[in-house]
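In order of appearance the chains are A, B, C, D and E, and numbering begins at 1 in each one.
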């Protein structure tokens, strides 16, 4: 029996491993993984894509799914945590310890995911607003469409710093350096849920349960995610 | 089987079918626009060009709206044929075909318009039916121009991922085409994988295009009276 | 009545206006049309072949009505079964000489193969001295070779009438004589009406049972 | 000023420049490929088609690698001209131009190949230089086919966002084109905004295409001897 | 020496092979070339005009060397300043009659305007009875009108020699007479050498100071 899992792009590597293990353990099961931006995944589901499990990179998207009646509140659980970090190119001479340091004139460009559409951008906006820096830094901001774009810009030295998830920074350890972990008053947690329309509910539940098992959490941890 | 290999085969299947659909549809529409006079002809031409002007992801979103189970069209397909296009390679074919369609019909129209009408007249007098004239005179003489568009459409269908991703998703082995795999590899920071896949796509594309170029009949039009 | 026609057509290009208005009926099998350049000879032939639709009038050939504006009859060129030689040949540039000649022999969706050969084709290749050129493409032909190919293509299909627009214009004297003979015997054998446009007095003598003089779109 | 308005003007500027670059480059390359014989001609044709086959985002990534500050080319531009293409509308022009280039040169090549060589011969004997023959005979006769490609390229440049986004970023009022705005609206779930913007883009595109169609000389080729 | 040439060229199409090998020198100003269809007359003229490059040989015209394979001389057609009438006219389909005629008068990057007019053009329109057709496009012309336009286009530019491939083939008798006169007086006035291909005995009589007979690529 096949179970279709739509998962946020940032989960790609980890979920591929987990799905493989799952299939080894349950040879009769087949996991079809579908990756994309959380918002796009939701749109597909809303238009009737045959998905059984949805793993989103933010709470808002899952909230929206709940509001549209696609998932039941009882079915959703947070399964990992991520951290927001400020990164600079490895060879950067900037000395940034606090968010205030971004005000230095030597910091000319900052890559931030577009708060309107990219979850990491929303978290960044929260953090900068809390630090009363949001309007002041606006002129230095380069809006990006996803985390990967911010990461590329920092890695290639096109911007002086950028806000990404800890998991993204882990991808390019050789090119970017974490300057600081950004303090947030909310937790960045990823929810996972079975969909109401799932035609394969038992398998969906079993897969979700599998994601919470220690061996799966270890894999997630390997890619920079933290326990919820 | 190697996943890159699977993705390649899928890509070729999707691009191949999309190109085939466009070949037939593009030739038909191009011919219609070139030869029939009707009110709103140029407007129709322009409207059919619009898929080019929309960001593919956005186009994909509209396709999703149109073909989803909740739409009347999607529901109708589901009910009468048990077909769901979302998350299937057939859906990917439709997305790729729509994205690339203008690339075929517009050059085809121009090529048909360049065919000397007197040659069709001559064929008519010789008693050959309109349909046969199309296949024996018009199409061969317009073929080089049409082929240029078809090859572009094939390349575009092979490279398309925005609309495809939206409609068909990215399910390895099922709907994950090569270019979606490339996109994901880049997203996931696997630059080597991305580079390898890009090289693979390019090599396949070069091979197909060179082969197709060979299939073209000699540059007859150019030598017509030269 | 072999020919019975009345063709009216007005052509406009910018300020210039050309009016074709020709009516005649004739029982002779062989008609020669003479007239100055631009008089409307080719247009008349095109109207008979169905390639130009008159504004009004009628066209009857050997008893069949091909066109009649009052009765809204307008037979498709395909159904008229005529041999028509275009003044500028209109050879298919993508087909070789033999393929061009064979074009009308089969009405299917495929062109004759590059190596097409049969008795009829051989006969006409021979008659018009084109044997050695059978596999050449039109752009590799001389002017006269093009004209002969076009003529063979028109005549091969046993038509109900022959419409020939200056069939020998590009030919040298000796070839002209032999092809005139060929055409003469073909017409006698098929017993079909023929209209021939020419500037050559000799043509008029051989084929002109009746000679029509066209001047600025009208019969003289 | 209304942000949609700003984005529209920017889009037109970017697409306009990209189309202009492609018009010149595409005609030159198309002519070269049609008329000059050199080894590797078909391979070159195929290689130039590759931008079509790469997902635009990936292409954008490569452009970033090529034109970025850390590349020798980017560094050279920076050093000698003080130009940085990344995050500028000029960068967007280059990205859009590269994405759309195959749409111009390939139909242009086919159109040039369809021009009757004897007419160029006739012009030569009349003492007109090769360059003048190109502008007075070859180009006018190939124009319809070329125009079809150029209009496609314009539409594509207007709709492109994958590569543009990567190279130029999305800085409202500076590099946020209309199609990037559409994309962002769809991503953000703002369907009404997206719909409005799509309607705006489509209207502009329709207007431009219809206008350009009017500019085309009459369908001469078709009537040549008809 | 007005003409001094030796042209060798081998053309192959599939199995067929055509060999052109013609050498002659002549002091007469007016040469007429006769020969059967496909003999190589048009090819010879193309070689002189620079539109076909011989495999070997030389071409000298009124003292100037246009081509000499040994010395690797091969003047561009543009520099040869010849009037050349193509057997199939080669009119520019996108330009009207007056524009076609005016084409070679300016060598710049722009075509003459649709309304082009000047004394020279008027003269030739008049001489060839094309006045009323000045603004028509080639596809709106009759065969003879096309031929006259092409001839006017070739002659207007005061060339160093006239190369005419069947210049009157599409014309009726009376027009032929008047245009023969026109050409005759033009040639006398310009005093330039002229080569004319024809099938018309009358042409040969009027223009044939010397007549060359070509047969299967060779001089007889």
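Everything below uses one rule, namely that contacts are C-beta pairs under 8 Å (C-beta built on N, C-alpha and C of every residue); 3 or more make two chains touch, one makes a residue touch a chain.
Which chain is which protein? Per UniProt: B, D = Molybdenum transport system permease; C, E = ATP-binding cassette domain-containing protein.
Model, not experiment: these values are computed from the prediction.
S.K.: Tell me, which chains sit next to both subunit D and subunit E?
M.R.: Chains touching both subunit D and subunit E: none.
S.K.: Between which chains do we find the greatest number of C-beta pairs in contact?
M.R.: Greatest count of contact pairs is found between chains B-D.
S.K.: From the C-alpha centre of subunit B to that of subunit C, how far is it in Å?
M.R.: Roughly 43 Å separates the two chain centres.
S.K.: Could you work out how far the Cα centre of subunit B sits from that of subunit E, in whole Å?
M.R.: The separation of the two C-alpha centroids amounts to 48 Å.
S.K.: Which whole number of Å gives the spacing of the CA centres of subunit A and subunit C?
M.R.: Computed value for the inter-centroid distance: 78 Å.
S.K.: Can you list the subunit A residues in contact with two or more other chains?
M.R.: Expected reply: 40, 43.
S.K.: Where in subunit D do residues touch two or more of the other chains?
M.R.: Answer for subunit D, listing residues that touch two or more other chains: 61, 118, 121, 183, 221, 223-226.
S.K.: Any chance you could list the residues of subunit C touching two or more other chains?
M.R.: Within subunit C, the residues that touch at least two other chains are 88, 90, 137.
S.K.: Could you run through all the chain pairs that touch each other?
M.R.: Result for touching pairs of chains: A-B, A-D, B-C, B-D, C-E, D-E.
S.K.: Can you name the residues of subunit D that touch subunit E in the complex?
M.R.: Counting only subunit D, the residues touching subunit E are 118-119, 121-132, 135-137, 140-141, 217, 220-221, 223-226.
S.K.: Provide the residue numbers of subunit D that touch subunit A in the complex, in ascending order.
M.R.: 61, 64-65, 68-70, 86-87, 165-166, 169-172, 176, 183-184, 187-190
S.K.: Sort out for me which residues of subunit E touch subunit D in the complex.
M.R.: On the subunit E side, the touching residues are 49-51, 76-82, 84, 86, 88, 90, 92-94, 103-104, 107-111, 137-139, 153-154, 157.
S.K.: Applying the document's contact rule, which stretches of subunit D touch subunit B when the two form their complex?
M.R.: 34, 42-43, 45-47, 49-50, 52-58, 61, 102-103, 106-107, 109-111, 113-118, 121, 144-145, 147-149, 151-152, 155-156, 158-162, 179-180, 182-183, 186, 194, 198, 201-202, 205-206, 209-210, 213, 219, 221-226
S.K.: Which positions of subunit C touch subunit E when the two form their complex?
M.R.: 11, 13-16, 34-39, 41-42, 87-88, 132-133, 135-137, 140-145, 147-148, 165-166, 169-176, 199, 201
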